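Pasting the structures here.
Okay, so subunit A shows up in both of these, paired with subunit B first and subunit C after.
Entry: the complex of A and B
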């Protein structure tokens, strides 16, 4: 069996398509790895997943071409008379194409991981990303084998591969971070407080495996496989429903919470361990913002990075952990002076307060209206601020 | 043989020569490109490293099917036999492949000379890539290299800084370095693909 697989693996369409996929995967992986990503494992694994899914329609086309060649060369008919049979030969073709596809995936993933810093947050939950990607690639190869067996024509591979490519690209674009139909979450950056949504990815994986099992049962292309096909179809339906009902958010908050805290002058800031570099400059930025606000607004004394829970009355410091800069932390500190409301009415007042703080800190970047408020006498400013603070903190209750 | 029958035979032969392996996919691709040139819609790409988004005209994406089907037009139904023909079959096949490329470029002309030149350049380069893979893996797999290039460029070729050098298939206005790279790609692919294929080939 292994010998037969090896012979299939290193000849003809599987070899040509596989080598191309491997080379393209490595080249794209090297390119992708040069882009800025968060330290840690999730971002590079997510990029590898997107790459693997993007390339997988080509395996679908290559598999269809390979099976069409086997059929047109009468090799499938010949195999039908052997103990392995037609179904076994088609499965062998699937195994050869899928193995090349997985090699390409692994090569690309290794290049991406090799070009990024892994000294960040890594968790076992992140392994669901490559697992879902590999499941998707195997399924696409299987669909190609099935299509090639149903319609062994020279154009089947090219047309099916190109259509699958446009469908996968289109769905990725349309779904954005939703990732319902394909397991990629473009535009999702894994900040240190985020893990992939394990339930959603496992549901995806179950769906791909069930669909793969159905193709496996269908491949002999003859009557008699009815029970296996029905069972696999039920599994496809069940896992499809499961993938639809689980929480569709591609990310979930990391557990358990680990924090690093720093206190000075009655102000405390806590961050995730991977963002420890932001601790001291973050505290300095908060104190600068508090100095700008003065006693005109009540400000929190406890701050924590996004994803960490804090005591009542504390505020969240939201910054992009990919690139911690003084300017970004200062802006985050301004925004954290008043807890951000969750409704439009509150947000309008909150943005007015933010403009007022910016006008005091960086007048060059301030809105003219905020500068006009800043130029009012202190009493009028306090009245204006109190009205907006009340709206920002109570409008969404 | 009557004159009418001789004329019919000539027409039938001309149609067979014009049809080649299969004319329909190229005709459909060119028709699609024509419709895209008239309507000129933009398609947002799933650009992974450009959260602000990036869109290309649909016509630019349709250069992929046009280029691939144009290369498939080089094939003959009985490709072992044409070498014995006294007709200039290579020239006829090349002309057959050039027609879809030329028609698509002409369809892009109303959109402006710059757009038409961009489309022509991208078509030529993608067709050259398909020719390269046709040389090594047969016409059945020729589509894979340009498809990989377009897919990779659509997802990873655009960053917030712009279109990367290698992602010229999705560059609406290619930069001079990109044009140089395209020229190098065309030259390299055509040089490698020029050697005659051994044996009867495979589909």
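Entry: the complex of A and C
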């Protein structure tokens, strides 16, 4: 098996498509923007997934061309008289193309990872991203083999590959029920405390493997494979339904005990380890915001970065973990002076309070309404603030 | 040996095949007891279809067949295919493959155990005189060499049943003689070959089957086809033409 596979692997369409996939993957990997990626492994792995899926139509086209070549070389007919049958040759062709496809995927993925700062959160759960991507790639090469077996002509590969590219680029932007079967999240960036949704990605992987199993069962192109095809079709249906019913949101598995904390003047700030550089400037920003608020509003004494939990009455400091700037930390501190309501009802009051804080800190950026409140006598300001504070903090109870 | 006691190598029983309604084989029934069987017939007689059915690449719409008791359509498909060697009418070069790689591949297809593969590949290449071309890419082989390679791939699993469709087409007279010598050495193998060249049939076959328009016109021992003292190409051709002309 190994020798036959090796012969398939290193010649003709599998070799050409494999090298092309590898080159395309590495070239695209070199151009993937690192700037938007958040710390940790999830975003580079997600970028690899998008890349792997995007170049997979190459394998589909190459597989169809390769099968046409086997047919024209009479090898497929010869295989039809052997114990392994046509199915054996087609499956071996699939294995050769898929191996190249996986190599291309792995090459591009390693290139992205090698060019990304991986400090931050990495977890085994994130491996579902490349697993789903590789499952998709294997399925695509299987579809190519099946199409080539149905219509063995080089044009099948060219047309099917081009159509697949069109479809793949389209489905990556799908939303709604159909989008639930797509493994890529091209506009998703994983916050440093979030893991991909394992259930959804495993449902994707199961769907691709089940569809692959169905193609595997169909490849002998003979009657008699009925039971295997029916079983695989049931698995496709089951995993498809599963992909629709599982909760698809990213989940938090990261343990909050890993926090780094700093206290000064009765105020404590805790952040994730990779954001340790934000501790001191964050604390300074909080003190500045507290000074702007003064004693007109009750403010928390404990703050934590998003994803960490704190004691009752603490507030969350939301800042972009990619690039920690003073301005951004200041804005995050303003927003954290009053804990953000978890429901829509309290948000209007909360935004009014935020505008009032910004008007006191940076009048040049403030809304005219907030500046008008700021110009009121202290008593009137306090009454106005108390009403909105109550609305912002109690509306969601 | 009386018919009831004779050892049967190949049996065809009411075989029928059609291409989208156009019959290519019509109720072909025959039994053979020797290991050298020639299927004779003009172009379009159904020879290649019969070889396709025997090679199991075509499934008959009616009837069965067996070789030494192995009936592929009655549950013995895998075992039947394992003991089968097939020389196709044309084997086109696959870009990149060398002779050895192609034979390795066929070993895998025929489930030749891994421990025997190297030896079988070398033996098959030696048998057809291509041992010094083992590493040559197929695209560098001449037409005659490709025909010999087609035979080598069919021998690589040491088949009990060897099917050949027009095996000497494209061979020069010297290669044809070598080829016949090669086949003569395969004592344990049942060889069924389709040809329209009566001299091949006369030189190689112990039994003949004559097909015309999908029907079996005649089958039996060569010495029954023509007088035992006259088994020459010319005599066989004369008798064959008589049969075809008398065909309904």
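Just so it is clear, the second predicted complex is superposed on the first by the 373 of 397 C-alpha atoms of A that agree within 3 Å, B and C clash if a C-alpha of one lies under 4 Å from a C-alpha of the other, contacts with A are read in each partner's own complex, and residues count from 1 in each chain.
Operating definition for what follows: contacts are C-beta pairs under 8 Å (C-beta built on N, C-alpha and C of every residue); 3 or more make two chains touch, one makes a residue touch a chain.
Predicted, not measured: the structure shown is a model, and the values here were computed from it.
Asks: Kindly say whether there is room for both subunit B and subunit C on subunit A in the superposition, answering fit or clash.
Replies: fit
Asks: To the nearest 10 degrees, what angle do the lines from the C-alpha centre of subunit A to those of subunit B and subunit C enclose?
Replies: 60
Asks: A:255 contacts which: subunit B (first), subunit C (second), both, neither?
Replies: A:255 sits against neither subunit B nor subunit C.
Asks: Given the touch rule stated above, what does A:65 touch, subunit B (first), subunit C (second), both, or neither?
Replies: The answer is first: A:65 touches subunit B but not subunit C.
Asks: Now for A:20: first (subunit B), second (subunit C), both, or neither, which partner does it touch?
Replies: A:20 contacts subunit B only, not subunit C.
Asks: What's your read, subunit B or subunit C touching more residues of subunit A?
Replies: After superposition, B is the partner touching more of subunit A.
Asks: Based on the superposed arrangement, let me know which partner A:89 touches: subunit B (first), subunit C (second), both, or neither?
Replies: Second partner only.
Asks: Quick check for you: in the superposed arrangement, does A:161 touch first (subunit B), second (subunit C), both or neither?
Replies: It touches subunit B, and subunit C stays clear.
Asks: Touching A:80 in the superposition: subunit B (first), subunit C (second), both, neither?
Replies: After superposition on chain A, A:80 lies in contact with subunit C alone.
Asks: Quick check on the superposed pair: does A:280 touch subunit B, subunit C, both, or neither? Answer first, second, both or neither.
Replies: A:280: touches no partner chain.
Asks: Can you work out, in whole Å, how close the C-alpha atoms of subunit B and subunit C get once everything is superposed?
Replies: 10
Asks: Intersection of subunit A residues contacting subunit B with those contacting subunit C?
Replies: Subunit A residues touching both partners: 12, 69, 72.
Asks: Flag every residue of subunit B that touches subunit A in the complex, lowest number first.
Replies: Within the complex, subunit B touches subunit A at residues 22, 25, 44-49, 51, 64-65, 68, 72, 133, 136-141, 143-145, 147-148, 150-152, 154-156, 159, 164, 166, 202-203.
Asks: Residues of subunit A touching subunit B in their complex?
Replies: 12-13, 16-17, 20-21, 24, 27-28, 31-32, 35, 47, 50-51, 54-55, 57-58, 61-62, 65, 68-69, 72, 154-155, 157-159, 161-162, 165, 169, 172-173, 186-187
Asks: Of all residues in subunit A, which touch subunit C in the complex?
Replies: Against subunit C, subunit A makes touches at 1, 3-4, 7, 10-12, 15, 69-70, 72-75, 77-85, 88-89, 92.
Asks: How about subunit C: which of its residues touch subunit A in the complex?
Replies: Interface residues on the subunit C side: 55-57, 78, 81-82, 84, 86, 88, 90-97, 101, 104-111, 117, 153.
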